[in-house]
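For clarity, chains are labelled A, B and C in written order, and residue numbers in each chain start from 1.
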Amino acid sequence: MPTITDSYPAAPDSALPNRRSFLRKSALTALLAPVAVGALAACTAVEEEPARAAGSPPPPPPKSRREVADEMDRLHEAGVKAFPAKTAGKGNQLMAPVMDGRVKVYRVRASEIQWETEPGKKVTAWAYNDQVPGPMIRVREGDRVRVELENALLESTTIHFHGLEIPNDQDGVPFITQPPVKPGEKFTYEFTVTNSGSHMYHSHHNSAKQVGLGLLGAFVVEPRRPRAVERADVDYTMILNDGSHGYTLNGKGFPATEPIVAKLGQTVRIRFMNEGMMIHPMHLHGMHMTIIDKDGWAQPAPWKCDTINVAPGERWDAIVKCDKKGTWALHCHILPHAESQHGMFGMVTALVVG
Amino acid sequence: MPTITDSYPAAPDSALPNRRSFLRKSALTALLAPVAVGALAACTAVEEEPARAAGSPPPPPPKSRREVADEMDRLHEAGVKAFPAKTAGKGNQLMAPVMDGRVKVYRVRASEIQWETEPGKKVTAWAYNDQVPGPMIRVREGDRVRVELENALLESTTIHFHGLEIPNDQDGVPFITQPPVKPGEKFTYEFTVTNSGSHMYHSHHNSAKQVGLGLLGAFVVEPRRPRAVERADVDYTMILNDGSHGYTLNGKGFPATEPIVAKLGQTVRIRFMNEGMMIHPMHLHGMHMTIIDKDGWAQPAPWKCDTINVAPGERWDAIVKCDKKGTWALHCHILPHAESQHGMFGMVTALVVG
Amino acid sequence: MPTITDSYPAAPDSALPNRRSFLRKSALTALLAPVAVGALAACTAVEEEPARAAGSPPPPPPKSRREVADEMDRLHEAGVKAFPAKTAGKGNQLMAPVMDGRVKVYRVRASEIQWETEPGKKVTAWAYNDQVPGPMIRVREGDRVRVELENALLESTTIHFHGLEIPNDQDGVPFITQPPVKPGEKFTYEFTVTNSGSHMYHSHHNSAKQVGLGLLGAFVVEPRRPRAVERADVDYTMILNDGSHGYTLNGKGFPATEPIVAKLGQTVRIRFMNEGMMIHPMHLHGMHMTIIDKDGWAQPAPWKCDTINVAPGERWDAIVKCDKKGTWALHCHILPHAESQHGMFGMVTALVVG
């Protein structure tokens, strides 16, 4: 049986700024040439020392390989110990509608904000109601819904309800189904929701930029008659992204990602949604996932896996029967989206079964 | 209910050359570092102004943010209004066989041509019978087929019948099943087609280059006994590509892509085929797709989605029951394959239900 | 019927070093910007001539297009004729356990080695027991297993048993379930194997680097009661990779990859496992694959295809009924992972039905 030490020396504070700056560097590197990250990671920390200016004091003696290895471990530990790290702002919060008779009214304001993806890392975001992802809209099959969009951005936008089967004039494609909504203007969408499941809403104008900057959110539709297979104690929506904000789960990178928490014996439903530009094969440790829905539609028969490949625009719903205690890693298995020499980052969280 | 304006000011002609040159630029950018496109798109048009030569007249005053936003809208509108734009050449045209007794004979000539992927954008292509994709071969299960390849290129080539279960010596792999077909030479393939479904034919010699340049086509085999689930009023084959010709559907980029047209209540079958190097998760607006076949083989049970992830070499057959009027966008949901600040481009078309 | 020549002129020896250096170049290119490879491949060999130093003898006259084409054919032929090429080292060898009572004990030592991926191409690898992939661990459902890890590297490491449902403290995630195993130290994992199927073991510390360098292997669990559908005459495990070692199948690139050999009428099971950073849609020529398992779990119903898209972290089990004689190519259909102007390379092998 393994010997496990429960306490480790704390990482020195000095390690943290170093880690931060690496993360910024690595995010840029990832954008430019993601597949080269593995190769870069093969460089040792020693080789990353900056060039010394003429006349500056002599550098400290080079670190031994063991010192380098220990420093790497400390950075990894600091990340894990910080999880879940506090950051300003929380995306994907459930939005309560205002009722207009029997119509559920949601007010959505698009504007530019600063968004903290992990402690100390702020990025420019275009957000609905100051959240990345935008607030979750959650209704019931058959509901009448009105979404009032206010454009507080400096360019035009629209909303497309990705996955909802609604009339063409509510589809949000500029110059095909509506004019773009100019800066300072408003636009109202209204429709009856006829199909249930895990859907999304996002910009459909200049979308590579606008969705990349954060104009996206979950649109979950509860069925009138839930199937037995989809009943869950915990219902969790996880939006994957990989744009200019780095690799994120619900707008945050590890260690600022949110753990999913369940009790032993409980059932968790995870609604994976990809709003990025790359696939993300999400891997759960220790327990399997039973895939029940694709894009809000029931699969003919549920099927089991531990790694579900989620492509851009797709939604996959998974059920996990939490039959094993522990903190179980849940992460993208494209490893450069999840870990560097400076520790885990980006698309990493955990399912904590207590 | 939304207010929808049906007429918009026309885009000035001056906007179009600008758009064209951007598309060329962005195609190159996409090839070099596709994931950075989102980041690039975050630059404003203002920042894209070229450097001014010494002694040239003073530049016009910088545009206001609103002017930049309006210009972006005009470029988007121009693209949509041009759809479907006329270009020279049409790929994937059904080829009629010459009958030799009971053998269906197809003559296929590989040569270098110029190919217009969108209005004004010409690329060098290696093509079968001057088409990209090559002409569609469409036969019936059990047919005897002869394909006479003439190589009018300056390098050797072969044809592989991707997905067909034919004898090994007809498989088209140079130095394993046949010698390469030298420039100026001919080679004849002949076989009985034993499995039905959506297949492809393409070069299997120096294929990263030759298929990338256009030596590819659809090979559709109708079953002797069609299943009820596969009967459709409209049968459409869509070959996805992402090589040196840019992001294309059947050899054309938006707005020169071809809409799929159906009447309300009709059933459309879309045969997605990927001849590129990247996945393309194709997303249909407003209606779902029922996936019936993978690589020409029936799925155990049809299943529904709105986004079907098509990997290189794969074929997925989808049935759409057109129960909603309108022009429904159908596009790759890797957004930088479909839209830039200068409008929709590349892998975008529409299913028009009239 | 085609005329097939069975013998071709041998490639001159001089062609081989040229091919080698190209492969090295192309591997680097692939790492930096894989999608640009197609574009690069469009350059002719003529354009690849190096610049001539001043005062050196006049260059030979430029080659004709036909000479260039013939040279390309010779390089392709040389690769095919060399297959399967001999290289030092073989990965994925079945490891016999040492029995400690009823416990199967596996000793795994992580260290840095030189690894030959194709004739003459040596790379630095981090390996378990000097193999890339590490030795195959193959047990039976219900077995008690002990894995003794010795870390002979210069940085810390751990092992994660990817897909196995084992207690949390055996899960191998540093600082969550155990401390990292320091250089020179040992760590023992012990657990009862409760779920069968195709699984993996690999580093979970600094994993983008460590797995990329080779710290990975197959962990296959035979079920207590095999289903009829999974019985096979040949059981083959194929680990896909795309890191700093280039594009490999079981640690080797074509022509050093291993053919799968079967007799006519036999059934082959291929366990595809992806330990890389990219998808690899594996395409089999001439015969279809019946997909039976995903991540070690039975699919609700087997389904047929000729191209199976394997994402990082995924395992897909395929059954092939070998009903056609011949040498059938089996390769990644992202063509720049499989072929360049200098011949097939990387993720190419064959299923030989004799």
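Here, a contact is a pair of C-beta atoms (placed from the backbone, for glycine too) under 8 Å apart; a residue touches a chain by one contact, two chains touch by 3 or more.
Just so we're clear, the structure is a prediction, and the values are computed from it rather than from any experiment.
Bringing chain A onto chain B by least-squares fit of CA atoms involves turning it by 120°, to the nearest 5. Residues touching across the chain A-chain C interface largely differ between the two copies, under half of the numbers being common to both.
Chain A and chain C have centres, each the mean of its CA atoms, that are 31 Å apart. Listed for chain C are residues 33-34, 279, 300-301, 309, each touching two or more other chains. If you check the complex, the residues on chain A that touch chain C are 1-2, 4-5, 8, 33-39, 41-42, 65-66, 68-70, 72-73, 76-77, 80-81, 279, 281, 283, 285-288, 300-307, 309, 324-329, 333-336, 338-341, 350.
Residues 30-34, 154-156, 160, 162-163, 165-171, 173-180, 182-183, 187-190, 195, 204-209, 211-213, 242-244, 277-279, 294-301, 309, 311-314 of chain C touch chain A in their complex.
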